[in-house]
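For reference, chains read A, B and C in written order, and residue numbers begin at 1 within each chain.
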């Protein structure tokens, strides 16, 4: 299932999940993002790499922030971008999802960026598109959010260089987090020395052993000697039925404040996929403090999305221009 | 009334209705679309023909699909496109439609693409715009949908070449269909041998004789020896008060399934403007079958809209660049 | 407070309010708009001045018309524009306004165009953005609407040349009008001979003396020998609690009809920021008459916004290309 995102030559054809991708490929994504990063600081932040390509943002689940980063990335690659809020569109006339997709791809679309509340949606769409169309998963249910994971890896690499030497802790609602799932796959593929998850039992998945992570239920021992702390967002909307303490209790046990941060290494970096709930997962002084790289993550999100978009479309045309 | 869409030299100034346009003009639209079709298959699907032009999509009636095709066509011509959902805009501040229009054209707009639930709306707007503004009708009430008709003609020509030799049947709710009205005008202007409409009496207009069509009330005789079958969408929203059988009964009598398709010529093509109601107007095996050209119609819709947009704006500037 | 919109060298860094800007700067804006005006009449209405720049329209208060003019201005400068309807966006996930802003600017955004229902919002945002980001106020509460004021000045200059010789009357709801406030500052900075406001007492601010305007409560004396009449829009939504006569009474006393227009100079021009309420502030024959320059204002709005956008971004890069 996870291999249909690669061409026969092992190049990215879709970008659906981190699972099944190897270390050289993840490294290539980051190396390419490094090139695009330098572009973003220029007077003219645009390259003509995807000029004339048509990219459609299919957001079945609303997310202004993520849509904006994909739209910006596409525009900086000079592609034409269309935003389609599918919930309010043709499907409201009774058309099936597949009919809508087939119609949109018949317009010589090159790429769908898909956000959907159901796990597996991007995969399903990738299985049904024509050979000339690529699909990028911009988050599907509790399953995966691979561009988020890659921008996190890129941010870690910028600060910490060598993955095998690192101890990384992911804190919060692991159970419902597509971000955590993709991060864990990326961290282990990149050979991170030790991956820890810190969460109450009710917010942990049952397969932590297969995931190869070390489980902690308190911050004090979990953050000990850690190089990277990744805080997750409390996804109230996805936690129906989960036994959750009050926000105050949660913050007391698992929220990151300066005191708990002191358990980690002195040069540990603090990450969060955003948007942050101040005073719930993280205190304001830590979110805005010296060790926080939260806004850097946003910046790197553009470069990573430019990298993935250009690789995915590049895999089907050997005529691709180079980033000068 | 229908001639104000032409300049004194007989070139397209607006594109409001097929009525009153002659065969050479319709042929020119298709010939030009043929050129744009080849562009859509290229690595770079863009031409600089309308660079610096401003096109405003004025959608008074929501239609993501049609808006998307016009927006894509405009972008592939390198125009700047603005989408204005008029229902939620200035008119909600109590401004009149004409004031809104005059304001928008004062911004040096070159073209309005108009979709409106009322018949005659595009015509009305064309009568009130300044000389430098063109209007394209993207569907007005039960009146006309000329770009849809032209993409249908283009699709027929791609498969069947010589119009006079053809027998074409249009099936369904002729009475409320702007698509059917525009198709009938286009087919007769192009000299199609025989135009048939197949519909229950309650879904037929009273002027079928003036339209020059042959009327059938059953599929068996109506589809006999036909080269092209155009299925219409059941427009539930436009059929208030019409006596309509249940969906099941309708499909039994007028829905296209494989058995009824066999009445037509073996190489007959099946068309539908979309979105399709599977199992109501058309069965899934026919919609997805070998004789269906439904998705080709979508593809050709972009080329036809590029053709019309470039002709309409070209008619007012002799400095137009050629499609290399 | 008003000086943080200038760089140390006195160039525009933000554009938040007319207050505190000097005559040479306002003149420079108009001179530059004059150049852009000539571009709008060309076949290709685009210049590459802001190519590769990212401009975000942050509309906390809906205004299709104003957003459209900013979007068009940005596109004609070749910038990439993103429209963000903030009310329906990340803030709905509980994120604070400042967090949203910091995220958006982390995407290498160059400019925020801000429309907000609260006075001081654009100023507040300007105080919190990074050094590489400019803010343009597209209207904040009852406070300021500086691009509107400048397009009005530009329109006056086009018709009347020498400001010191002019008598200008602003008529209507001065109290709640950000437009009036910005106009008064601009008119006095440009040295207009006499600025009059004509309004019922309930619609006048208390500080008319500090503003340096002459107050009239009737049209007959107020319009006497005036060169320019600026009608304001009745902002019903902003007049909660204000003692207002009925629309009919208002029109009778303060609405501009042909008879009242005759009190002014025979070559007086009539202006209105739009959208107009016909028969409330202004009669249709005057709005559409020879002396009305209302639609010219709309046209000039694009040029003024292009001027301000290019100056503001030019102030931070000396590498700016010139308008050929």
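Note that in this section a contact is a pair of C-beta atoms (placed from the backbone, for glycine too) under 8 Å apart; a residue touches a chain by one contact, two chains touch by 3 or more.
Quantities reported herein were computed from a predicted structural model and do not represent experimental measurements.
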Check your understanding: Counting shared numbers against all numbers at the contact of subunit B and subunit C, is it over half, same, or under half, different?
Key -> different
Review point. To lay subunit A over its twin subunit B by CA atoms, how big a turn is needed, in degrees to the nearest 5?
Key: 120
Check your understanding: Once you find the CA centre of subunit B and the CA centre of subunit C, what distance in Å lies between them?
Key -> 41
**Study point:** subunit A residues counted as touching two or more neighbouring chains
**Key:** none
Check your understanding: Touching subunit C in the complex: which residues of subunit B?
Key -> 51-54, 80, 82, 84-85, 88-90, 93-96, 99-100, 102-104, 106-108, 317, 319
Review point. So in the complex, which bits of subunit A are touching subunit C?
Key: 40-46, 62, 64-65, 68-69, 71-72, 75-76, 274-278, 295-296, 298-299, 301-302
